[in-house]
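A, B, C and D label the chains in the order they appear, each numbered from 1.
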Amino acid sequence: MTDTRRDSDLRLVLGLGALALASVALGPYILPTFLINSLLRAILYAAVALTVDVLWGYTGILTFGQSAFFGIGAYAVGLVFTHMGFSASHALLALVLSLVVSASTALLVGWLSFYPGASPLYASVVTLALPIVVTQILFSAGTFTGSSSGLSGFESFDISIEIWFWISGTFLVLLTGVAWLFVRSDAGRMLVAIRENEARCEYLGISVSRLKILLLMAAALVAALSGYLFASMQMVVAPEYAGFVFGTELVIWVALGGRGSLVGPVLGTLFIDVGSAYLSGNLPYVWKLLVGVAFVVVIVAFPGGLLPLPMALLRRLRGIPPPARGRGPMLELAEPRALPGLRGDSASALVLEGVCKNFGSLRVLDGISFRAGRGELLSVVGPNGAGKTTLMRCISDGAERSRGRVLINGFDTGRLPPERCVAFGIGRKFQTANTFDSLTVAQSLRIARSRLERPWLLHCSRTLALPDAALQVIRATGLDEHLDMAVRHLSHGQKQALELAMVLALEPNVLLLDEPTAGLTKAERTLIGRILRDLTEHHGLCILLVEHDLDFVREVSSRVIVLHQGQILLDATVAEVVESELVRSIYAGVGSHGESPS
Amino acid sequence: MSATVLDIITTAALLYAVAAGLLIVFGVMKIINFAHGAFLTVGGYAALAVTHWGLNPWFSLPAAFVAGCACGMLIERVVMRPLYSRPLDAILATWGLGIILGQLITLAFGREVQFVRSPLAGTMNFLGTAYSEYRLSVVLAAAVLAGALGLALNGTRLGLNTRAVIMNENLARALGIDSARVRFGTFSLGAGLASLAGALITPLSSVDLNMGVPWLVNAFMLVLVSGVSLISLGIACLVLGGAQVLVSTYLNPILGGLTIVVLAALLLRLRPKGFSRD
Amino acid sequence: MTPALELQGISSGYGEALVLREVDLTLAPGEVLAVLGKNGMGKSTLLKTVMGFLPLAAGQVRLFGESIGGHPPHVVARAAVAYTPQEQALFQDLSVEDNLRLGLRRDRQLRVGIERAGEIFPFLPQRLAQRAGTLSGGEQKMLLVARALLCQPRLMLIDEITEGLQPSVIERLSVALRAECERTGVSILLIEQNVGFARGLAQRYAVMKRGELVDQGAMHGEDTAARIAAHLNV
Amino acid sequence: MRLKLHTLACTTVLALGWATGQNAVAADPIKIGVPVGLSGANSVVAPSVVQSAELAVEEINARGGVLGRPLELEVADDGSGAAGAKKAFDSLIYQKKVDVLISMETSAARNAGLPIVTRGKTPFIYTSFYEGRSCNKYLYVDAWVPDQQVAPIVDFFRTTYKAKTYFLIGSDYAFGRGMLQFTRGYIEKTGGKVVGEEYLPMDGSDWTAIVSKLKAAGPDALVTSTAGGAPNVTLTKQLRAAGVKLPYGNLAVDEGTAKSMGPDAEGIYISGSYFTNVDGVKNKEFLAAMQKKFGTGLKTPNDLSVPQYEAVYLYKAAVEKAGSTAADKVVPLLGQVSFEGPRGLIRMNKQRHAPLTMYLGQVQKDGGIKILESFKDVDPGDQCPSLK
């Protein structure tokens, strides 16, 4: 984005925010009391709906459990004020309680839901169970929590409805603004990256589980704060505010408003909750049916929710084109730094000792051992099914091996997940281009850098600092001309180059490349070869290359390993391998159907 | 003691009956069917209608099955089919369908809590304790159900096709199996089974709009821990249902109500495959 | 004579990205055509498109003269097309027998089918109850070919069947397929990286690069070996 | 353009608000708000409550209304819970601008509504039996509390069955726990012993373990206090299926539910301030009028709907005595007026609660209730000592 465009974005947010704040300020003077009362509730519900949208619409975590955190916030108020009485210090105590309890609950739920390899369905079911457990606890605590009746009649802040309206309205406007800035910020793009390609994120050294847990905790804090305000204002708490029916209603409001748009869920919640307040009086028997039908119709026919419809219509009527794309941020050379995780005393960058991998009874890798030093470019060749890709996986993910040891820069990878192995200085490029389709080139690169440079929480940096090697790849492949283009519009070769640049942005000193030239033109291939040689010669990288193209292997490698049926058949210089008739025969099947070489 | 054993067995049988339909739909469509609770309710009201017409109470089982299948067919055609490529949306849509079905039922049958007559009143002496005849008959019904499902899935060509779609839908299609028809059949069957289970629990329960809700979440959990195998579902029902009875009996029934959910969540965290073999 | 398979300018891919671009290809009845090329060139995509797994962005697919573009895979399969995908081609948790059953539309011909499969791969009838996933890699591929032959296909689409196999197994597969060609006159579209295997089976070859067919010709021509080697950089 | 959309949204909200606000400008009739659970747990009894309120309003209007003004009902669905009640109370008080709230509700709904009642300064007559001790400046109650209901059943079990040991089963909610807590106290005060007290979550329907525990404990009598409707039915059915034939006092079953439960309900002891076959001219007239007005659509009048009927008359009396509907005048007078209704003479003069004649009944084979004993003017005890 250019400066002007970003400024105009910011101006738009500020303008909208000011307008919203003005409506909040004027509201109590022009709106009837009933509407004010209804809005007071709906505004706080909308704040919770906003958290559902960030979790579900942006990050892809379908949650039914945000109500539980709302309930925790509300009950902190109800319990403290009922049992200890109201005072300023007790109000503070309740606030601390609500935040601490909700955050620790979120931590527990996150630990349960977001372990590596957990299915999204499982996370959803855990979030469904959470409010059920919380309400059951509230029910069974008898007079302490007021059981089903909840707590009522406690003293609270002596503040008029108008002021409450201003407080909660401002809260919602600010929250929406912050959320809006957050999801568009460098850090916020990570949510989309996680939604689109968790595996790539992990191999970029991003702990997806930890991020999701942190996000859930933040969402829990916001929901608890809303609950805190709600109970302080309404002076009543009841188990249903923590219940799963409320939790699912939030999802319905978000879906109807338009998930992944922030404004949609907020408006959706306000309209539906206030509307149902009117309708439950006028149409008590059918309003639930109407909401149900509307919900299903929207899910089936308008997956984006209802907000995009009037937007598109307006756009068509006024003939405004969709926002034009500017250019990306300025590219910069990153400060050279000591390679992370590089241990001085280790002679070899990469050491494998007796690595085996079994799939059931099938042994795919069988006792692989070799060493590779810095500045070495080691090619792994062998026919399809020889176990080359499995070998890459076993090096870069500690949990993959069945047996054996892998040392990266002297660090034993143990059973560590990929994002921890990255910290030892390893980078892996996948076989097929593995990128984030709906992000731009610049955003993808920024995410690759996030392990080394903490991304901004609320805005987008105007510069993008990359290490020399990554810059070379980008410039050489012309990607610097397309920094603001969505990755899905790139050509196959450009995607491959982008992924390579992303991996290089990690500043690894051990690089795993799985067929980096597949699908590239001759010119591109030559280019990649030059870059690889440069990386080993001038940057001291250790590169492990899986490649089919023997010409390419011959051009770039310093050493070749021939893999066949899970075993190392030959570990030799390029010349030796190329001249080996055996290799030719098993590798390409061009030769005779000789006896089994093993 | 023997009462506790019988409690465990009968509870497991009820859970099995309720969860079987959900499991089948989950297996083929890879979605959790939130409308399952509503289908249970449909079964309850089918049983109610049978009572109103003055038919033999046993007749409510086939009636419920047919009613459930019919609902399932309609819903699969109209709502589920466009959502095959969007599984998370499909889950949400089934949630909305649950609301719609429930509201339509109230429009037709009213909001009151209603009752159906139990086909078996009385108790019988079993292993030294007088135990509810109907509960024991539920064990029989669940066993018949499990047997019939097992036979249908493992003994018929249609069942083989269904298992093929469960295991690898694309490969099944490449072999000439019309997976859309398998999905249609499965969803309808799942709805029918849910409805059948609804009719099965009504003599022990009331017939009202929310009768399916308490069963729903437990059934989800059981299905998630059993993968897509009817056998591991049986094991899960016995183990987790048994835990529920034990906790209710020796600790506290309120904790008992949470046992399945909490244990299943922990189990999945520690062993993501749950009770399934590998 | 109507071609067994006729592709006219087909383009297809995943989402917005096109993998195949305007591919023209004709396969005569009884002909075996090997499509060669390196990984990631769109060879598998070609078969998936013919089977109907991927939507056609442009072009026509005709099977024995009839247009099948836009038909779902099961309809294509029922027109006596046998497809052996490269990966996940068997139901690992089903028995050998059930895997064979699934190759047939009805169970009625099963017994005859198993007998015939036994003639080609004698180990199969003795291992009917075994889970397919517990067979060795080579046995799995033989089961795969047996299942494909069971439905007496008119057209076979075979995707890298030799991947990771020992030469002896490759040889057995080659023999089985050749025998079938001679017996029934089935047409085969063969995706291969193993040039030797392809040469033993196919009359013609085509080379695919980045979603386009760049070279076609007779398999046993004079300069064929050199041309293929040039294309594949081996 | 987004800006435009936002203003559009705002103006729509405004317009909507204005339009409905205008409608609510006080008109001539006196408005009675009835927030009630048309959906949710209370949906079983809510229709009967609305019917009896309709009858009272019709009768009063036929005789010229109150202070020459007709009465008008405003019914709103509170969803039987707190969130719904907030909407319903807000809507009735601020949108419909009702003069009084008269209704049967769950305790959660009542509690949620009370802050709104206080803020809106609206008199509120609560017509549902409940666990007791809900106190608010604007709140009156004309139905029973545990102090009035539990004694008849426990006394009867002690004298008739010589019951010494009791088992208590309830739903895990305020009413269930409140009732059983009081019951336990009363049993222990009168020399009995509680051998078991078990609760199931409110939406629970599987009583298996509890029934087995009950059978293992082998008490002389059983007292239950579940949520109305489904839990009550499932418990009774499962008790019967398990062959439990103990003396069975049920603190939460109403006459209509008992009737529809069929043979399973037979023999249950219930205690309340109203059954349809209560003696008295007023009750006969009331039943006849209900039958005439609603015909086949009649929902069986019960211990929730009759207090609703009487409360409308109590409010009428208070308004007429005050000569105005002004809340500050009407509220104190509600505790002074009385009305002779189907349950006898009702006066809410004991700390905002009413002394009531209580009956002990037993469900018969046909679902009807046979009255075994009656207890005159049972005092509600100390409910709200700080309110007069």
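Everything that follows uses one rule, which is that contacts are C-beta pairs under 8 Å (C-beta built on N, C-alpha and C of every residue); 3 or more make two chains touch, one makes a residue touch a chain.
Treat the numbers as computed from the prediction; the structure is a model and nothing was measured.
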From chain A, the most remote chain by mean C-alpha position: D
Pair exhibiting more inter-chain C-beta contacts, A-C or B-D: B-D
Computed distance of Cα centres, chain D from chain C, in Å: 75
Geometric centre distance via CA averages, chain C-chain A, whole Å: 39
Chain centre separation (chain A, chain B; CA means) in Å: 35
Per-residue overlap in chain A, given as positions that touch at least 2 other chains: 136, 139-140, 285, 288
Residues of chain B whose C-beta touches two or more other chains: 254, 257
Interface hub residues of chain D, defined as touching at least two other chains: 38-39, 172, 199, 201
Which chain pairs touch, all of them: A-B, A-C, A-D, B-C, B-D
Contact footprint of chain B on chain C as seen in their complex: 51, 53, 72-74, 77-78, 83, 85, 88-94, 98, 101-103, 105-107, 151
Complex interface listing, chain B residues touching chain D: 3-4, 7, 10-11, 14, 111-115, 117-118, 121-123, 129-135, 201, 203-206, 208, 210-211, 213-215, 244-245, 248-249, 253-254, 256-257
Chain D partner contacts - residues on chain A that touch it in the complex: 12, 15-16, 19-20, 23, 30-35, 37-39, 41, 136, 139-140, 142-143, 146-153, 161, 234-241, 246, 263, 267, 270, 274, 276-278, 280-281, 284-285, 288, 310-311, 314-315, 318, 320
Contact footprint of chain A on chain B as seen in their complex: 32, 79, 82-83, 86, 88-89, 91-93, 95-97, 99-100, 103-104, 107, 217, 220-221, 224, 254, 257-258, 261-262, 265-266, 268-269, 272
Chain C-facing residues of chain B, complex: 157, 160-161, 163-164, 167-168, 170-180
